């Protein structure tokens, strides 16, 4: 309940921040939005649309009530609805993130389990050193190198820049064109998840209740999965939750390189074209999205570990 | 009753540490009859906890060397593989752990923690295991066991949790129950309840119990025999009565004097044992207790005393300058 | 590599360590545990050396005998690595080696500058809040946690996209401010663990002034955590600047930075892979060394893991 209040408070702060972005700029917002060469008529329309003739708090209420109804205004550059543009782009980001997270968890969990069973063993050392190295390779380098290797050297179709295929037209091609972005994001996530889960598992395996489980005559496999994994997965979920913002940003980078029309590509294009209403809409959507996802993760963590809600 | 349930022979457990080999248990031998309760007593760090785990085979697999022999109902634990030991864990021997706050999995419902043993080890189906688990919760005196079945450990008090630990240990009807300081983490009022419960269960289920404790008061009325440990070795052993009334080893007396008695007047000053337990990494060739012993002679510092038989049957002690026998003086 | 402390005794924890851990806990009074501090190791000093070489080269770039990073030699476009051009030339005939060296200036300036702002604001606030506790602490901490919930990277992109024209100073300010809540959280947590110790209370009882306690008692104790977090923070900020530059939101071309070199290289990826490989390697090596030094210092001073 306290968290819900907090959530509403944060969303409120974000909305004010997004709303004020334009007002924080030096100079006339109309000039900022429309450019210096705008006609007085266009300025008048904008003033009316933004309600700039009213006091600031009324402007905010007018704006937020529109936003709440799904109306984020109409872009002055492309003349299309901001909300519709976002609705078209958002599923691509979600698809990339979901794919990458499936890959990352599928690799990180077994790897951490094996590492934690024999800390300082050969596998653990190898994974430790390579994950530490990968930690220092930013996603924009990973994706460039992957494109260089996979789409240019090996010539795999649909993986290079500007070769995005929509899900509706060709599901397989769509998967191919999103495979490099998903893989890039998966590498970054894997490294973090592996390290967090491994060190937590090692700590959990030293707990007395693991000895107790052992003394019941349970198999090592059962002890790892039933007794060690769940208490250790709390930190993993927390990390995944914190990771969401970074994932979105990494997604932006890979979309930008490959010209995949997700939110990131749309955002950068909008920035370059000074389409400020679209930028504002995307920033608001993404920020609120991240906060809500974090909130959902908090909720899941409470279910996984009953200790937390009692504290 | 002649068949010995547990035979421990010359058992040693040595840890490899950064500071060199650390002999936590050194050449311990004793045995246990069916349906008997044995007390293992010693200060913190005397090796009693390591001993109890070594007997079960629960010691770490690496960085530790175990020599000698421990057979539970004919099964040689020392040298057995983890897989082989799983066959006796739970069914032949089970352990009640020291601290119920840490020995139960905090994110698993207590019922699940009991019936997983039943399902994995005894092959019961879900319904049968649940019924049996509730029965066990009732057996250890947990009120409204059906509701408690779904509780998480954090929702129970310390005493209740220890009852759950006991129920878990009893799940597969072990013949030998190892209770490692089962009451240390509990309130004084709860301690007696748990100990009485163990006593009662032992009689009802025809088990043998090894009660490991630092508190002689705990073992006084509940055990038939006692093993007193110091620095990883047995320094005195015998029937409970003999150890209490005819002890020969100065360390045993020091232990007895340092434990509070109900018969003491209030504000009676408790005796403490002077000095500190020895550093196990750097033991002398002599008696380990010698530096703290007021009777110690040069011989004590140089040569380790072997266990030698006392007058009473089964009573033995390791001391060059034993306390005078009190037999005859006190007619018991 | 990072959790050596935690697993110092761990060998086979499932069947292993708990018994030994329990044992060592029980024996804590008897066994004097040997004082062991993790040695820093050769690799640590190699990393320190590499960072020093990079920083020196960045500072002295104007004095060093380097080719002009802006000189466009249209007779030598996309030349491979060789004696004349160590790393080759880009699609405008500019010398890649000298652009990589000059490019490090942006990364290092942003990394250091942003962390000066982040620590300059976040660290004193964090120490004060943890030392004072009470309403002041609650107030600041609540604000910081709300700010933390706001995804920093998105916020940075948002502000930089509106605040034009972009310049190095603006980028440093934005990233620096965005890092304040993180620095605050780390320093506050670190200070809390020290501030409750007996010797701090003793100093208070003896009538030491708050300022004196903060500077003389608390500061030296949280310095190791601060320094190791500072290094890892610089690495993170440099990564962020790289991503912004890659998206075209950092310093404007033709000023070279590692990130915008990689950005420019993506159009000629097939023709001239060296253009992307050299700045990438330079950036990754720099980050790796920073992370490694930070991590080693952390384990050396036995500090629990801090998350950025």
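When the chains are written out, they are named A, B and C in that same order, and each has its own residue count from 1.
In the analysis below, contacts are C-beta pairs under 8 Å (C-beta built on N, C-alpha and C of every residue); 3 or more make two chains touch, one makes a residue touch a chain.
A quick note: this is a predicted structure, and the numbers were derived from the prediction, not measured.
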Chain located farthest away, centre of chain A as origin (C-alpha): B
Of A-C and A-B, pair with higher C-beta contact tally: A-C
Centroid distance [mean C-alpha coordinates] between chain B and chain A, Å: 54
Centre distance in Å when chain A and chain C are each reduced to the mean of their C-alpha atoms: 22
Chain C, residues touching no fewer than two other chains: 11-12, 15, 17-19, 22
Multi-partner residues of chain B (each touching 2 or more other chains): 58, 82
For chain A, residues contacting two or more additional chains: 207-208, 211, 214, 220
Residue ranges of chain C touching chain A (in the complex, touch as defined): 1-3, 6-7, 10-15, 17-19, 21-22, 146, 149-155, 157-159, 161-163, 235, 239, 242-243, 246-249, 259, 262, 265-266, 269-270, 273, 276, 280, 283-284, 287-288, 290-292, 295, 305, 307
Contact set on chain A toward chain C in their complex: 6, 9-10, 13-14, 17-18, 21-22, 24-25, 32, 116-120, 128-129, 132-133, 135-141, 144-145, 147-148, 152, 161, 195, 198-199, 202-203, 205-208, 210-211, 214, 220, 223-224, 228, 239, 242, 244-246, 248-250, 252-253, 256-257, 267-268, 271-272, 276, 279, 283, 286-287, 290-291, 294
Interface residues, chain B side, partner chain A - complex: 56, 58, 82, 85-91, 94-95, 97-99, 102-108, 116-117, 120-121, 152, 154, 165, 168-169, 171-172
Chain B contact footprint on chain A (complex, rising order): 207-209, 211-220, 222, 226-227, 230-231, 304-307, 310
